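Shared between the two complexes below is chain A, which has chain B as its partner in the first and chain C in the second.
Moving on, here comes the complex of A and B:
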């Protein structure tokens, strides 16, 4: 009897979470990207521990110092300093908090209402659903960055308003995605079965249908994270996002662009950081897509 | 007093009546079989009883009573409370009827939590007991399995466990064994029959398998194009079918056609939305149709044997004129 049980345990298929992780881990690129991203997050969260300098402290006698490996470099400023003599390493670390924080907050702020709106639109397709979806079409008619610019123009620049601007401009993506996934699930028999068991509309929406729509939503919000980083940087670059002296990657890029010729490291360093982060998040998103896509899963 | 009493139930989609004046009585502890071909309105009628026909479908009835309560007058939430607790349903394809995102145990416990006062460990115990009742081996471990890890027969057993979780007074089984192979079919039917006896449930068994109905039901209704055309106790329905459609249905069973090169069949197809006859719905296909059949609709008449025909067949299969 005990041996039977153990045999059963061995041949039992892994749980959904575990099988998704196994599929994800098999993708070496995604795994490496996950490690890179994890390092980024830890570095940003622990910025106050790791940063050698205060990010806004100005070393007046070390303006535009090149990185440490350059002949003119100073070891105290590993990646050099910017035009005001601020340490680039420290600014990158503290900037990560802001850039990643904005991206995370804006994804959260667009995913949650987007999911709710999508579910409502799918469950009440007549008046409410039509109204929601036409509003989303209207928002999609404007390019995302332009919409974000409009919101910033109305609310004014700043950290929190950047979050709201990005969240609003990406909201339609989530609403449409969740609505489409929900519409595909509603006619399935298990939904009828839970209605037959007496489930009310709220339970149907959030407990029955939503968990079955999670896979595309997770993938979309991961990819949305990377586009939020780019949008934050774009708004910062245009001077409409986070305001100086707050260290934000896009703002750093913008303030240094006058020195592209004389001190290329001041633009290269934040630019490369944005590139690496976005690339890592995209690779994670692709890995998640492969791991969670039921069509690619062997039955 | 009957457990379920339906008079003149109509379900319309636009101008098309999917269910056209259905009368039905189910007593406590009775097994009623409903047979009919695909699209004859069996499943829609059952969904209408449960109040689950969505717009644009329209449901009307003169009387729709369950256990002394008028279902038409209950509020939507009160009616929903009945579902899953007093009325439960088992579907054709169990593997798609279970929610793929939750384990078997979660689904059982959710139903119990919603409809009973059981809590914490009592719920788990009851869930294990239910899986045991539907004869699933090693029930405590099966609580942690996901629906995709179960075979078709196992999923159907889980569906049945879910349906009987709150000891319903009426169980509607909508083609419960169509998706299963013959051996599992027999096991599931035996299980349903056993549970029905033990719990004294009313059971409506919807199927197009006449052999299945012959084994399980005591009374059988035959539906055609949204109408009940004949209702008789067994085995009288098989011995002396009184409606030409029932007779044709029984004659079409392959075992009754030994040696014939073609199966016996009625010419034509079920009337659709645009060619619904004004007279008897079977009249374009009926070998015995007379002038009156084409102009007037017959009513479902009779006591023990109810039949919707102007010239019901006698024991020899000849139309009676009278």
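Moving on, here comes the complex of A and C:
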């Protein structure tokens, strides 16, 4: 009895999710990146547990303390302190919450409407579709950071406005992607079959077609996540994003800039954190693309 | 060919109109009292307030205001800066060459490094060289360039003292801005040291701005080369006994370049976005820094004009790339393009 079942399990093809995971896990770099990223997410979520200090607490007698491995370093401040005597480790941990949180929120806020608009544009290609795509082309005339700057110019800087600025600036990418993928699916027989069986437009869009467009969408939103981290940091660095004293990674760089020479760690550490996080997410994105979307595989 | 260009031009007009609409809306979407925002004075008495509204034309219906705005634009009038009270167009003309110069240096650098990197990675596919090159490209692609700029300044300008920290030319040189392009202007200067100074000032910002496009070009070149190298005509060329160099460069690269050229053209937008950050880090007096300063100082007319101009430049360059692409690849001139 048990042997029979195991035999059957061996014969049955692995589920799509499992086969995708196997393909992803075969890519060592992507797997390592996933582990690094998971550690970062856990560290950011548990910032209040792991952080040795309050991220905005100022130790007035420990201004610009070097990292612990330096001769002048103190064990209590593992990565040193900034110009106001705030612990860098704690600021990075809490900053992770803000940076990753903004990236997550902005990806969600751009994928959901972006997907809906893309589906609508593909299903109603005449007036509505043309209007939507013209608007998207217009938004693409100002790419990424510039459109975000435009939104910040109107709304003013701040945490929530950063989310909105990044979400708006990446929306057209998702709309175009989903529209293209949907247009490729609509002529297929299973869609016609579903239509003949009496499925309404909403059911056709979200239950019939959308699941078959998920692969490129997942890849795009992963890459969107990494660019959102960079954009958040860039806006923060320009003084147009999250405002101090909030410990966002780019904002930390902006205030530490003046100390690049005298206290290099206040600039090196947040920058390396951004680079490592973005690199990890991009590696995951490349791995996902190869695993989910063999057509796009870079040979 | 002419029909192809005209068709492309026709799609351009609504885009330009849309951009002006966005720029127009920018001023009106700002929360708060428009007079306070535009005049920069608070607590005006009601009569003065009404006068200011009338003087700025803000008491007219919105469509009329938009019409006025378009008319002003057609006359080349972008308004005056709130901060300097200078016509914005003059400020723009004084700064734009600096951004073009920096962007051109960056894109040339990105092409000179990115294409060979992609070709070598494709030929040595799977080897250590390939992995190193692609690892480097992915790192460049993931780089927060503002931080990268700070690090380069720290090492090469402060510690090694090889390059200047910021600006376009040493303060000891007094260069007349004939063209606004420093590399050309210094050639007319009597002092030959000025040219070296200008080049040295360009090195670090050029590298920083080139980093992301270089990575994109290297990745694109590699995948395009890998595709082309599988083609039958490559095998045929090899079978005819042509030298490996000839096969790869003449038969391979030439055919692989088409998608790469598209990608290079599409970098205009990201170059200008990158210029905003690079110019801020290196105190480079271009339009990127100008735009950020305007937004930071709430100089709304300048922000409005800056966004209008940058979007126009991007749309215009994308149009040129489209047309050039149609020249290179006649298949695209059909109705679908």
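Simple rule for what comes next: the second predicted complex is superposed on the first by the 285 of 299 C-alpha atoms of A that agree within 3 Å, B and C clash if a C-alpha of one lies under 4 Å from a C-alpha of the other, contacts with A are read in each partner's own complex, and residues count from 1 in each chain.
Here is the rule we go by: a contact is a pair of C-beta atoms (placed from the backbone, for glycine too) under 8 Å apart; a residue touches a chain by one contact, two chains touch by 3 or more.
None of the values given here were measured: they were computed from a predicted structure.
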Please tell me, clash or fit, for chain B and chain C sharing chain A in the overlay.
fit
So, A:261: does it touch chain B (first), chain C (second), both, or neither?
second
Is A:198 contacted by the first partner chain B, the second partner chain C, both or neither?
first
Touching partner for A:275 - first (chain B), second (chain C), both, neither:
second
Using the superposition on chain A described above, determine whether A:208 touches chain B (first), chain C (second), both, or neither.
first
Would you check which partner chain A:154 touches, where first means chain B only, second means chain C only, and both and neither mean what they say?
second
May I ask you to name which of chain B and chain C touches more residues of chain A?
C
For the overlaid structures, how many degrees, to the nearest 10, lie between chain B and chain C at the C-alpha centre of chain A?
100
For the superposed arrangement, tell me the lowest C-alpha distance between chain B and chain C in Å.
19
Just to be sure I follow: which residues of chain A are touched by chain B in one complex and then by chain C in the other one?
299
Touch list for chain A against partner chain C, complex
134-135, 137-138, 141-146, 149-150, 152-154, 226, 230, 233-234, 237-240, 250, 253, 257, 260-261, 264, 267-268, 270-271, 274-275, 278-279, 282-283, 286, 298-299
In the complex, the residues of chain B that touch chain A are 50, 52, 55, 77, 80-85, 88-89, 91, 93, 96-102, 110-111, 114-115, 138, 141, 145-146, 148-149, 159, 162
Please give the residue numbers of chain A that touch chain B in the complex, ascending.
5, 8, 12-13, 15-16, 126, 188-190, 192-200, 207-208, 211-212, 214, 299
Write out the stretch or stretches of chain C touching chain A in their complex.
14-15, 18-19, 22, 26, 29-30, 125, 138-139, 141-144, 146-148, 150-151, 153-154, 158, 219, 222-223, 226-227, 269-270, 272-273, 276-277, 280, 291-292, 295-296, 300, 303, 307, 310-311, 314-315
